[in-house]
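First chain written, first letter: the chains are A, B, C, D, E and F, and each begins at residue 1.
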Amino acid sequence: MAGQTDMELIKNGVRLDGRKPDEIREVKIVAGVLDNADGSCYLEWGNNKIYAGVFGPMECHPRHKQKADRAIVQARYTMAPFSVNDRKRPGLDRRSSEISYIVSQAFEKVVMVEEFPKASIRVDMQVVEAHAGTRCAAMTAASVALADAGIPMRDMIPACASGKVNDVVVVDLNKEEDNYGQADLPLAIIPSTGEVVLLQLDGHLTPDEFEEAMDLATSGCMDLYDKMRAALENRYGGKK
Amino acid sequence: MSNDHVSNLMKGHMESLAAEGKRADGRGINEFREVKIETGMINTAEGSAMVHLGKTKVLCGIKMLIGTPYGDSPKSGTMTTTTELAPLADQSFDPGPPRERSIELARVVDRGIRESRMIDFEALCIEEGERVWMVYIDLHILDNDGNLFDCCTLAAAAALSNAKIPNVQHGVADEDVDLPVTCWPISCTFGKLGDSVILDATSDEEGVMSARFTVAHDENGNLRAAQKGMNGAFTDAEIREAVKTARANDNVLREALKGIQ
Amino acid sequence: MSNDHVSNLMKGHMESLAAEGKRADGRGINEFREVKIETGMINTAEGSAMVHLGKTKVLCGIKMLIGTPYGDSPKSGTMTTTTELAPLADQSFDPGPPRERSIELARVVDRGIRESRMIDFEALCIEEGERVWMVYIDLHILDNDGNLFDCCTLAAAAALSNAKIPNVQHGVADEDVDLPVTCWPISCTFGKLGDSVILDATSDEEGVMSARFTVAHDENGNLRAAQKGMNGAFTDAEIREAVKTARANDNVLREALKGIQ
Amino acid sequence: MAGQTDMELIKNGVRLDGRKPDEIREVKIVAGVLDNADGSCYLEWGNNKIYAGVFGPMECHPRHKQKADRAIVQARYTMAPFSVNDRKRPGLDRRSSEISYIVSQAFEKVVMVEEFPKASIRVDMQVVEAHAGTRCAAMTAASVALADAGIPMRDMIPACASGKVNDVVVVDLNKEEDNYGQADLPLAIIPSTGEVVLLQLDGHLTPDEFEEAMDLATSGCMDLYDKMRAALENRYGGKK
Amino acid sequence: MAGQTDMELIKNGVRLDGRKPDEIREVKIVAGVLDNADGSCYLEWGNNKIYAGVFGPMECHPRHKQKADRAIVQARYTMAPFSVNDRKRPGLDRRSSEISYIVSQAFEKVVMVEEFPKASIRVDMQVVEAHAGTRCAAMTAASVALADAGIPMRDMIPACASGKVNDVVVVDLNKEEDNYGQADLPLAIIPSTGEVVLLQLDGHLTPDEFEEAMDLATSGCMDLYDKMRAALENRYGGKK
Amino acid sequence: MSNDHVSNLMKGHMESLAAEGKRADGRGINEFREVKIETGMINTAEGSAMVHLGKTKVLCGIKMLIGTPYGDSPKSGTMTTTTELAPLADQSFDPGPPRERSIELARVVDRGIRESRMIDFEALCIEEGERVWMVYIDLHILDNDGNLFDCCTLAAAAALSNAKIPNVQHGVADEDVDLPVTCWPISCTFGKLGDSVILDATSDEEGVMSARFTVAHDENGNLRAAQKGMNGAFTDAEIREAVKTARANDNVLREALKGIQ
């Protein structure tokens, strides 16, 4: 978030990449792309490219993390060294650790963890190309991978960001908007209940803009939700 | 933030209380505990503050060193935030390298300061592309009775407002001047307790609540940062309501912060 | 590379098959699985390739940065190889820092590229003793069905042959040019299964085999690298035979690699 | 220890901060300053500022450190990044590790560890402002915190350094004396028996100077011991 | 391996250090040089100097590495910081990790691991001076230490490299030959069966050169094997 | 330094012996074991020494590199000490990063050399504020039969006295010269065994003793360093007596050290 900028990111209600403020980038979701994982998903969202894979329920390691009455979700978000312009050092940095942690917690709300005491459900998200919005894209891919693995869930979790650019509230920031915009608000919801399982905000929003940003991000999540279900139908040849 | 000492009975009791708008310590659901801020107690720091929020105590020290700016922002100073969950503050804090919990805390406080543009980073440039001030915000948790997010953010803000740029020591100018602060972000953290939402949870309340939501506003009532945590959820309405509640109630902390300036 | 899902029964069965020159998936003992190479899918990388070897999938990205050369080779660019055994690729891959198994894999691939002089390191010198290109070969294992050694070497070779030196972005020259590649090392990995030696083992086969032998040849049929692994042994004759078999069979991979150029 | 120096650190038997050679800096001790810890202490010694907190006896982690017949003391000495002029990197460096180790061992002599088999007693010392002599100050604070926690002890352990400055043996070096002095001898004793549980020496002392330094540090320890007992009486309103 | 070089490393069939292509450097092996280790060996090979020590069979740590039906060999190869011209940082780097790993596996072939279920046999190799060929020298020393410890083995494992220098295949590269040569092929065999337990190759060899390099390295291994047995006879005063 | 192989019976036996002024190996309570020093065996080191103290064996290598001085001492060379408790030296030595025990050992040896000013650090300045010699003292424990403190300090002193500054290799001067040594600190370590105090404990004795006290004197009989360790105590009188005993008995080691010069 650069805050104020002279850069004209929206002209006549149209963004640099041709989208309207309430339009998300093109999304492509393919379920079941990996052979070893119990469930998997490949997702392209704009130029973002992400693989998600799920194993479990399985024995929980390290054992001191086991919960007597439920499973835990061990999500792990990593970016490949070549996924960004400046090479990223391999391994978890503080940003990836935080995202892994809050995503793990978000999934514990929808996975039926009480059915698998002491177990672990491992969710691995590999960002192989990154252009803003990767945490939402990774969560979305992980939901589809969990469903593909047949893990019992109350619902899937679509995730989508909204933000502010040139004082306009928009959905799904692209890379320039992320770099030079004024606010970024990633949101993940449970569509069937409307509950919020992940919300972050960086930047500057007036109270009214916040309301609008919540509306736009929610609407983006619902758009995604349709695409997620379509991907699963496409794989399994019917309603699921 | 599980707390094995709080039984399920306690959970039921606290949820019932909250449903009636009450709390174990007698507060209303949207009421902060008593807040106390002291500043300037650490002579080796460029700025320092101790914040008491009820029994929670956080000491913040600011250090400023000279370094080179990042390549993509040659005119900007830099900032680093660390949190030390000192083992003396809570039996459950382990010594060792920072864990997820500590990393989330540090990053939320950091973003609350950084993205709100509280610090005027361009005023920290000494020589473009060559030398800038690096601000270190080191937070020492000394006593944990819950709501470290708000207590740490407040301690950081207080210590920053108390800080002087050490120009003399580093031969940059003839006089030490105040660190330039442009806005005053205050964070309010809510807990989901049963079907209720409470402000400023204690450790006991954190042990039984299912979700956490932090939102920071500046002195003009605009949002500057937010974070939802823990493995429960808020409804959309609860989130929007909490944001309004925060605006209506952060004046308690804001006044305490003004008191030190 | 133990695999608890493969029982001793399976071991006996596979060894019997191999003794008859057969394999569980119908291949001959010296036959590669189907290989597929795609390149250029990662726009943030200087070069990229995805290789499918049967069900094994490896994604390789090449990044190039400018750095200072080592003191003892002021005219040479540098190269670093990492392998990420992504937890999504195999239930037995643990998250965390690289282990022995991953280190051996990265080092064998690295030496296969480095010691074969596939890359013309002197052509990566920008300014002697001051600035050279540093080539990073980062291998992401996405699906492990055995024989990561050959799949990774092939992915690295394909990604390198797809790479452009980012002269424009770094202000070095007016045009991006192909990374200079001087030879085409192809590795073939054999497994000792009972008393038989098989090429290109699957995960199931790796779970019951006792020893591994990797040998890389260039396009002129000369040896460029070799590595024996695991706690079994090969006879001297088996090693010499495997080297000849490799020369006779690496054309399958070599053709796939040529197909992308 | 700079060894020989031209700096005049003592003039007419008076030190730069006005003290006589056998005088310790001002000390303020407050017991019971923290709520969560089982016992705690805040100590100011000159400009040194230290918090100490104690938990236990409690289950020992990691388990392989457990002793079948006694408790262990896990003391940890750390310096806050802002406690010194040049910012200190957070975490344990080698110096802090060594101090933590020898302090742990010193306390195992006085805590009645045999009463709590397999247990751990955790002692955390946080130096928040440092001006020479912090290991002695931290140990002294830890003793008071242990007493405040009600941990059974044979005695408390006061700790005080002596040293040599401008060829004069003095007690309780301040920062300048520590930087430009000739020797530093931190000492911790058990007052009731006179036993030595911690002793280190860096620098240069003749045999006679060593005897004198031992005398001065011992005397400094006894001064502190009075202040430690006073702090506990102050908290508990009577003799303890 | 520098590949092509102008440096004349062989002149009239004689190498810079006076050896013929099929001649190994001088080797000195002493068994039983350490008191604490269950078995030990000191080996000089050219200017390489190595200590090897063995403990076991003993309980295996960490426990998750235990094998229910056999012992594991935990070999560890390290180079002292002062063993090379540029000081080496202490600790395991990636090269040492790889060597430790493949050497562990090589020894599991000859040690009668099935006799000691769940146990560990620890083999520590300390290179205190390094001049090319240290992995072979370390393995050779470790074999003698294992025999000295009385660990049941099918055979000892001699290890010796061959390589290519100025287009000539030679045995046992010295430091200059290693730096400026064209290929390096370390080999370890089981003399009684002729089986290969370790083989690596870096560089460039024609098919015929490879055959010759295998012959030379094997012959070097057999030379060493005699010296290893002599060292044990020397210690135990008879055939073993 | 617990030793499970030494039973309580052994403890009682050793304490009784010590009370009579005797020891299990026949030595008097203030008697060193046989000491042997060899130097110069490591050609890749600037200086090297192997010290045998009874069955304890320590190899020390000195390396010297050129680096920049610390900001607060621009005219001084630097020094770093490491100890490697090699797993081959003692069954209880674990591989892995240095632990508390190893850190204490390295720091006590380091301070014994550094604070005694044995090395003339100012003579290691090549160019003020720019280039100084960095001395690395790396101690390899090869066999541990107790009293590593004295054996390591002696090995370090011997290796330093054997070291040449590698001027020629680094192009600093035309000739390599001896590392300038200004004094000869010798440490003596005592153990508290029951109510007795013994010098130069073996591993067996260390396994049953309760406290350790190390004191180092220079050749003029002045104290240069001291350290009390382990969780027992010494009386004030025992400490003062031990210091005198050290002065009276360190000549054994001092003569061995002179023998190599």
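In this section, contacts are C-beta pairs under 8 Å (C-beta built on N, C-alpha and C of every residue); 3 or more make two chains touch, one makes a residue touch a chain.
Bear in mind that the values here come from a model prediction, so they are computed numbers and not experimental data.
Q: Which chains sit in contact with both members of the pair chain A and chain E?
A: Common contact partners of chain A and chain E, which must touch each of the two, are C.
Q: Comparing centres built from CA atoms, which chain ends up most distant from chain A?
A: When every chain centre is compared against chain A, the largest gap points to F.
Q: Looking at C-alpha means, what's the farthest chain from chain B?
A: Here the answer is chain E, farthest from chain B.
Q: Provide the C-alpha centroid distance between chain B and chain E, rounded to the nearest whole angstrom.
A: The answer is 58 Å.
Q: When the centre of a chain is set as the mean of its C-alpha atoms, what distance in Å lies between chain A and chain C?
A: 32
Q: Which positions in chain D are in touch with at least two other chains?
A: Residue numbers touching two or more other chains: none in chain D.
Q: Based on the touch definition given at the start, go ahead and assign the chain network to line, ring, star, complete or other.
A: ring
Q: Around the ring, starting with chain D and passing to chain F, what order do all the chains come in?
A: Order round the ring from chain D, first step to chain F: D, F, E, C, A, B.
Q: Applying the document's contact rule, which stretches of chain A touch chain C when the two form their complex?
A: Against chain C, chain A makes touches at 34-37, 40, 47, 49, 51-55, 58, 61, 76, 78, 80-87, 90-91, 122, 124, 126, 128-130.
Q: Under the touch definition given earlier, write down the residues of chain C that touch chain A in their complex.
A: Residues 41-45, 48, 55, 57, 59, 61-63, 65, 82, 84, 86-91, 94-95, 97, 136, 138, 140, 142-145, 203.
Q: Could you please specify the touching residues of chain E with respect to chain C in the complex?
A: Touching chain C: residues 1, 3, 94-95, 97-98, 100-102, 104-106, 108-109, 185, 189-190, 193-207, 210-211, 214, 218 of chain E.
Q: Which positions of chain C touch chain E when the two form their complex?
A: Chain C residues touching chain E: 100-101, 103-104, 106-107, 111, 115-117, 213, 215, 218, 221-236, 239-240, 243-244, 247.
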